């Protein structure tokens, strides 16, 4: 039963170029980049067909890190899935926890106290800083700068991870949010530490931009590479900085205004070429916006309980029903879709990962570019395999 | 004399072996070795400038052209020697070879070679330059213009290549 | 944004033959959804995307849900006239009904242009075995391409019209569909020092009972556990 | 300090003991041998000296590079093997020697073995003409500069042999790419030193260094780098030298973005180390050449510093240039292949050709004096900067920092 | 102008090279085995069982084998077997204790949910992270003896948290004792009244009337004598103020942490 005359929207890059054997150009070179490759950010493989240097066909292959996170979610209680969400996008465990907690609170109609909402915003923005700093470092590593920008990025990341460790107990596997609030209250010293880091993060960013943004070699390598059109981005469900780099104004913090984001005034940067350079610059500008949010949140963090008194940790049985909660993670929209049938285990537990959906257009961006560009384009998409494969 | 003998051997033997080898790449490399032999001969004769030019031009650049040409034609392993088809062709081959050999020997024997142990005057680069500039200025200028035009042509080709060439990434 | 009822009525008006039913969500989130009939699903999806009022141009999430056969016992109160002319007695009759199982695909649609949503549409397959296909919405929203392949891989819902329907997470030779409720795990048991609960049953299936007794000694006070654990490769320790 | 003025007084000037000891040493050692052999023994000594000293410099350079990169990246660099990591080169050496040397079965064994040997031989040959000190010139050649580039030209041959002999499609592809890079940067390298030959009037190294003797206004040395065209030629020479020795912005053959490690894929163990030794020797040789042509060889920068022996000045300048190479490696990302060749053919070659004109203008107007001197400098500087800006704008047409709007 | 961005980049790296010699901000690495960074107090690694004192760890385990943590643990790495007999706990009440308490550290992901759900403050998170071992199975399976650590050790690694927990336990115990005393006093008063006026109907002793069974009440069957001398317990015999300040560490049990 084929669809009634629906033509398949030809992607901008014309992904269906026939891999023709051209006598003069010689035969096409079929290369498998990955799963064990220095610049694929984890176990990810790209079956690339090369005509000399230019890419003719590129099929991403993943599933090497597939642990069936969703089946696990359906066989354990709601609380037991929380530590597993740290392992989804293992760079940003705080935002994963918040997305899951938000979905379950929506499912059970669970109120959250003021102080916990502010703490969640502070930790989410710190995670956004951490993720974007990591991306800038990895992108430069892919273009060949021998580790210097990556080391500067990791120096800043370590400061934020120390904050997470002194708050939640573990650097990356925080398991910090609960349904109806947070687990540990932030001590005054911790808040002072967070304020100190936020204040001179701007200084680091200026030095970093001085090293990178004006660099002609980087501009030559990334401008015009892997361009993505806004229409294709919207149709392919791209979210996060990659979407805003194409000029589409869609940031869940403004659209859904979940949590207490409506109380902070911050701006959403938009690019207009949608190429790799824009994606890098959008993330740098977003880091600056996150700093302003953090300063506002730290300034007017209210006192009060961090956990809703009526919230139950054990024996949590939400009424039957379903809910889809989503937040603006550093990589894009991360959402949890839960169907509950009243039992302590969720009936259906679904994670909507941003990296997995953002990879849909990888081939369209890489066609016609050289193999050295494909590495950078993949880097600019910013994928984490824990989240792609679940 | 022994030096000259060694240099002659280094020049001629690789050239001969190069012809007999089956692998074209090996024979190309041996050819380059014999060019180096010629450079050694210039050294022996005291013309350092000429020797360095020989090495720079032949071993440096023209060897690359030869190797690229061999690679682009891509059938590096010729299988089986090339036997002459008919007896007539073999005879004709021998005849022409003998004739060329006769002419060469005639020329070598008939030219009055200066016999004596007077070493050639030590020519400095400055001297070479002055010689070239005074007596052969016109020839030098023509060659100079020719080379510059070739060079500029290459640059223009490279410049125009990006617009039309499909290969060059945008 | 207009309410789901208005959308349903406009859809019914637009596509007379289609069945569009409203599915209410009892939970606190109150995110109700529309269940579309398969015949006009693709056309209705295209309408939802291109309609000036709705402009749902962003399909955020595609999920598969498995509803296996369920035995529903309905107890209905029936008044049985007393043959002896007495007052009619209320008798509880239990009727046992097998609700046919089906696989369901849920789409969460948002509008980036008008910044509203979610409109949730559900497509149900006829049954869970042979007729488990649903028209693919990849031609309408390109973001469904990978997510529909994942639903096919983990649930076994065949999408008609999908440009490249292959397994995306599992390896290609894998036959079963792991996210179904009736999925049986392969029996690749690996030795665990403290088998308890479901792991213990598996351990019993794999190792003779004598080995398990040694594995979990009952004696309360003992030194370092010298497990005579017959680990597959390891020689038992003294 | 006052106990030693005597030695210092005696030690200043060109004929001090610190300057003449190499000659004395060579004559005393050669003295033990019969006359015809003395020339041979003399050159053997200089060969041994070069190989020993620059072998040590190579080892120290590997450690210096890793330490400097560490310092750039906020970490101390290797400091586990010996104090401050000083035994690291020995550790690397042992590792390289003990690693198994795998030769692919289908490889062309003779060429596979010959490639690193040839590459190293050619790069050491170039050391024969570099004047390391006043009396430390291994070989006094009339056409020394031409000899330097003749010896350097054969490295492409060795890289081709390495790529071809490995019988591996990727290494051949990468070898072809390395050849394209070397050939397209050979031209700017040669063109950048032609103006110096024009003005110095000689091809011999010592001649060029003598031309750069003396100081203007008492303290600015008459080195060629302090002339407008000289500075432009030095910049072009530096960029081309970076590309010739496969260093950072141009290290395409061994880049991980390429398919595999270029023509070095099928090499391991000591042959792999030989390739790296050859690369470092190439870098040292090109730096030595840059020092001789542009920075006045072993001349002291200031008149009152003359008492320090000349070879120490050469060492200091060499260290400076090597640190610059390492500094550049720690900072820049890599260029893409087509951008690499476009930079050479459309930017460096035209710029170098234009520089010939500037140098010609400079030498013709050497007679001007007084106010004309200023005009001479002004025109020369304009002749250098204007083409640079025009060609630069052409090169980076589509590339510029962007401004972003906020929703 | 072409190259200005490159020069800026060089300036930044130069600043870092120079900075790395004097500015601690520019040299952030630590020579690990010789110098170690200070662990934050909230740092958590694998769990451990809290015992009241170090001399007899098995005897004074706080754990009462209620198996809540075994059920709630996400990767199911805890294995508990209740003991058949009972032993008195810190408050003197007869409690079951765990005969077998194994944690398989190769499965545990140190998510501290067991600490969160344990109602008896019996399991806390440790801070030991150098625990590499070559044996894949048995060395990673920690049993009761390897898991038990004294309360003093707990004070050492998590000072503020330990003080809070002790304060809470003390308050609970005090409340339990008041309730027990009140119940005992009421029982005594009733017995006295019964003895004074022998009524015809001997109302059963106040077993039925006892208010809702408070978990830690002293069982009524015991004669109404003043509570036995508090067993050797970490809490000081004198009625220490409820929230004993952190630094005045609990009384005189051995400081010798294992």
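To keep things simple, chains are lettered A, B, C, D and E as they appear, and every chain counts its residues starting from 1.
Going forward, a residue touches a chain if its C-beta (ideal position, glycine included) is under 8 Å from a C-beta of that chain, and two chains touch if they have at least 3 such contacts.
Source: prediction; values computed, not measured.
K.L.:
Starting at chain C, find the fewest moves between touching chains needed to arrive at chain D.
P.N.:
The fewest steps needed to get from chain C to chain D is 2.
K.L.:
Please tell me whether C-E or A-E has the greater number of C-beta pairs in contact.
P.N.:
Looking at C-E and A-E side by side, A-E shows more C-beta contacts.
K.L.:
Please identify the chain with the largest separation between its CA centroid and the CA centroid of chain C.
P.N.:
Taking each chain's C-alpha mean as its centre, the farthest from chain C is B.
K.L.:
Based on Cα centres, what is the most central chain?
P.N.:
Central chain: A.
K.L.:
Can you compute the centre-to-centre distance for chain A and chain E, using the mean CA position of each chain? Integer Å is fine.
P.N.:
Roughly 38 Å, centre to centre.
K.L.:
From the mean C-alpha coordinate of chain B to that of chain E, what's the distance rounded to whole Å?
P.N.:
Roughly 89 Å, centre to centre.
K.L.:
Let me have the rounded angstrom distance from the C-alpha centre of chain A over to the C-alpha centre of chain D, please.
P.N.:
45
K.L.:
Take the average of all CA coordinates in chain A, do the same for chain C, and state the distance between these two points in whole angstrom.
P.N.:
26
K.L.:
On chain A, where are the residues touching two or more other chains?
P.N.:
53, 148, 152, 155, 211, 213-217, 219, 224, 370, 373
K.L.:
Which chain E residues reach two or more other chains?
P.N.:
Residues 2-3, 5-6, 9, 12-13, 16, 28 of chain E touch two or more partner chains.
K.L.:
For chain C, write out the residues touching at least two other chains, lowest number first.
P.N.:
Residues of chain C touching two or more partner chains: there are none.
K.L.:
For a test of understanding, state which residues of chain A touch chain C in their complex under the given definition.
P.N.:
Against chain C, chain A makes touches at 1-4, 6-9, 11, 62-63, 66, 68, 70-71, 106-109, 232, 234-239, 248, 250, 255, 318-326, 333, 335, 337, 339-340, 348, 350, 352, 356-357, 359-361, 389-390.
K.L.:
Give every residue of chain C touching chain E within the complex, in rising order.
P.N.:
191-194, 196-197, 199, 216-218, 220-221, 223-227, 229, 231, 234, 237
K.L.:
Spell out the part of chain D that touches chain E in their complex, as residue ranges.
P.N.:
68, 71-76, 79, 327-328, 330-332, 388-389, 392-393, 395-396, 401
K.L.:
Quick check on the complex: what are the chain B residues that touch chain D?
P.N.:
For this pair, the touching residues of chain B are 25, 29, 32, 48-49, 52-53, 55-56, 59-61, 63-64, 67, 71, 124-126, 151, 154-155, 158-159, 162, 168-169.
K.L.:
Considering only the defined contacts, which chain A positions touch chain E in the complex?
P.N.:
76-77, 79-84, 148, 152, 155, 158, 162, 165-170, 173, 175, 183-184, 207, 210-217, 219, 313-314
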